[in-house]
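Notes for the one structure printed next.
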């Protein structure tokens, strides 16, 4: 069960984790992109954190929509529209709800990922955030289907996301800035996949606390 | 006695010496000027050397005038007009003569230096080529007056020119590019004084050979 | 990092202020946003042309706001696409009712942010269309990738679409002409040095003293390959060969040439490169109608340059020669 | 040394070729000399304005050859004054019988070479006069030194004297107006990096990663002092204070501002500096009539900039605003 209070806490923790990893994400992006992913994400989530007080008593839909709109209006780059769209689509699923059950969680994730795909026109295996998000989502589904609790499911999802990040090292980018490098992108991990992994890990850490 | 053949030899030797010292003169100029004095001089004397074959049977006036015009039309910078004017004025003194006596030599030097002063409006002590030329000239006069031979006089002049270069290290530039530096020019030797010293030394080495 | 800046986080804002103060006769700022619009805008009776992208490419794009070129420019953070909110403000400020054409360089971020802005504008009933510039032949244009990047060739779109809009053509016409420019322009660049994003504080990559990077993007992204530094002739030939092969130039074809400095290259070197480019074109019997040379699409202080060739027809030629009056591009 | 060049000994020649090929509608070359004159020159019925100096300051001076500015530009080797022979060719090619005014920057070499050229011209019966620009307040103007250097303020002389000549004024009048500009303009600059003369192959001086040089010349000559790098605000204030003190600006005075890049500075930084300069002028109640910003008088790839202030009166204002059409300066 995910309450709106817990959701607020998760978002606050994501802000902290992104801030801590700002330079790390930039360095990863610098190797095969333009080195700004950490700044972009940090700018966005700092803005989100500032808005959270205003919506702290709202339903999950409002919280996620505010998060989405804030990311969209502050991040820019590729990450802004992608994460923004993900949160926006997730928000729609839980509109008006203060407490979310496992079904909501799965649906939220599913819609969020579909949003990323719709916006970015990428698929799994193109060395993007999807390579962390999709395996994580599939693991959540599998875990919940087999009767695991959501905290347990997220522990497994975190592992899957991490594997996804590792997988991005082995492939050639065909979407995003790194695709310009051709085969030279192989050997480097994807920045967006890394931030997605950090976000899933933070959700897991927060609900497992 | 200075013959036109010896004059040609002197000019060829100057060309070689300047070429050998190209980088050295640039480095000196770089410290307090713009680092091109060696290039400028080298460009000019290489052009002079090319012209020497044409005038090799001419009188000293023609040889020096050709040298002057070539320097004026190829060197540029501060050194071009100054050395060019010096040679031009010296040429006038010996117009039509194939053999020069000591009196001619003194007069040539005197007029040449006056040309530098007329063109550059500097005087001794301003950290320019004059700080090598004037003491050298005075030493030549002194030596010849006291009955020395011209080869002897030039050995003494070379020493005086060298002292002049050393002296430029102790003073502040008030003319030329180095003057913009104010007191920061103290401690560095002047590039033009150094090339003047090299020229006098080459005359001396050639006639003492 | 050596830069004449105050706070690295505030460079875009201070730059925009400095632009408005330098060129009040050309541009004004949309209050509260990183958007510059024509001083007299929105201009009645014309399609509005807007562009933008990450900052750090100055004079692109704000320097081209003015008569005969752009109506508005939207500035993102350095090398980061502006947000849909910012672009949407640009659209609103530029639109005079005849529709808006967005000139977008082909980067995932730019495409998505401008697309979302268009969705917002659409919801408010503003007619918006877009043209995607993808002139960089360094990058392979395959269906499996995001395709070619948009680089300096974008200037030709600004100039020619700008002239079309200024002459009062419809949105559909301006878009058709823009598409023709995009189809007819190719660019390739190289660099001698990297550049430093102020907020990052260190260069995106490092080149050894005898190395150059060929085919790189305008954000300090690594290029297609790195080699020992070559002569102006060899470099220019490599770029020209790649471009000409791609655009399939034939004898008697007429082109416009853009020799674009990346920010840190002395004009002397650009002219030396132009001397080589011109010789190569003449050798092939290609006619140079116009040469544009200088810093137009830069990557901060990067040393290097790109060559763009635009294959002309009568329509493009007339619009290219049409008068323009902006801070960074003026033509009588 | 990293440069897009072929042979270091041939950079000036190849650059001039590249300029003529890029701008045939503006300039042509005097065959066999490093001199560019107006494509349509000599222009009948007007005083000819010529300038020149060492190369490496592009677009100065060839970039300003055209309507309303220069009639000819003479290019020396990099950072080396051109010879009298070259200048004399410029004089002959530009003169249409109404006399020639030479705009000379105050360097010993330039002064002497231009002076000797004038002597040659005089011997051929050509009316020649000269104006010496000495705007650099970094250097003390005392009777014991060669006086101040001529730097970026020279652009204002080109522009204003150029307008006066274009309007058909006499040599005497054009000279009077030029003298007024020289009296009314002051400049000071700073740099973050050195620059490398191609033939030398290594930088003229070296600055540490956290150092800047203040008050330096445009040839890589060391400046007046070296300090830790400061903010755009502090740097701009230091330059502005020195300039304003020297020219004694008062409230309500009207000025033209030139924020001049030295070649390797991104436009972004120039605009940030302009933002500060504008604030400082407003604080003192000084009115900015016009701002010119970009690379006008450069020192190869040097990073840094200079500020020039020109105190205006009605006459200078009118001539400054007069139309100009040259490769590097256009005004409707």
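In this document, chain identifiers A, B, C and D correspond to the written order of the chains, with residue numbering beginning at 1 in each.
Following the convention adopted for this analysis, a contact is a pair of C-beta atoms (placed from the backbone, for glycine too) under 8 Å apart; a residue touches a chain by one contact, two chains touch by 3 or more.
Remember, it's a predicted structure, so these values are computed and weren't measured experimentally.
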item	value
Chains in simultaneous contact with chain A and chain C	none
Distance-maximising chain from chain B - centres being C-alpha averages	A
Euclidean distance of C-alpha centroids - chain A vs chain D, Å	55
Whole-Å gap separating chain C and chain D, where each centre is the average of the chain's CA atoms	29
For chain A paired with chain B, centre-to-centre distance based on mean C-alpha positions, whole Å	77
Two or more partner chains touched - positions in chain C	none
Arrangement of touching chains [line / ring / star / complete / other]	line
Which chain pairs touch, all of them	A-C, B-D, C-D
Chain D contact footprint on chain B (complex, rising order)	26, 30, 32-36, 39-40, 43, 72-82, 84-85, 119-120, 174-177, 179-182, 184
In the complex, chain D residues that touch chain C	2-6, 11, 14-19, 21-23, 55-56, 58-59, 63, 192-193, 209-210, 212, 229, 231-233, 235, 259, 263-276, 278, 288, 291, 293, 295, 298, 300-301, 303-305, 325, 330-332
Chain A-touching residues of chain C, taken from the complex the two chains share	54, 76-86, 107-109, 112-113, 115-116, 138-140, 144-146, 149, 197, 199-200, 204-205, 217, 219-222, 224
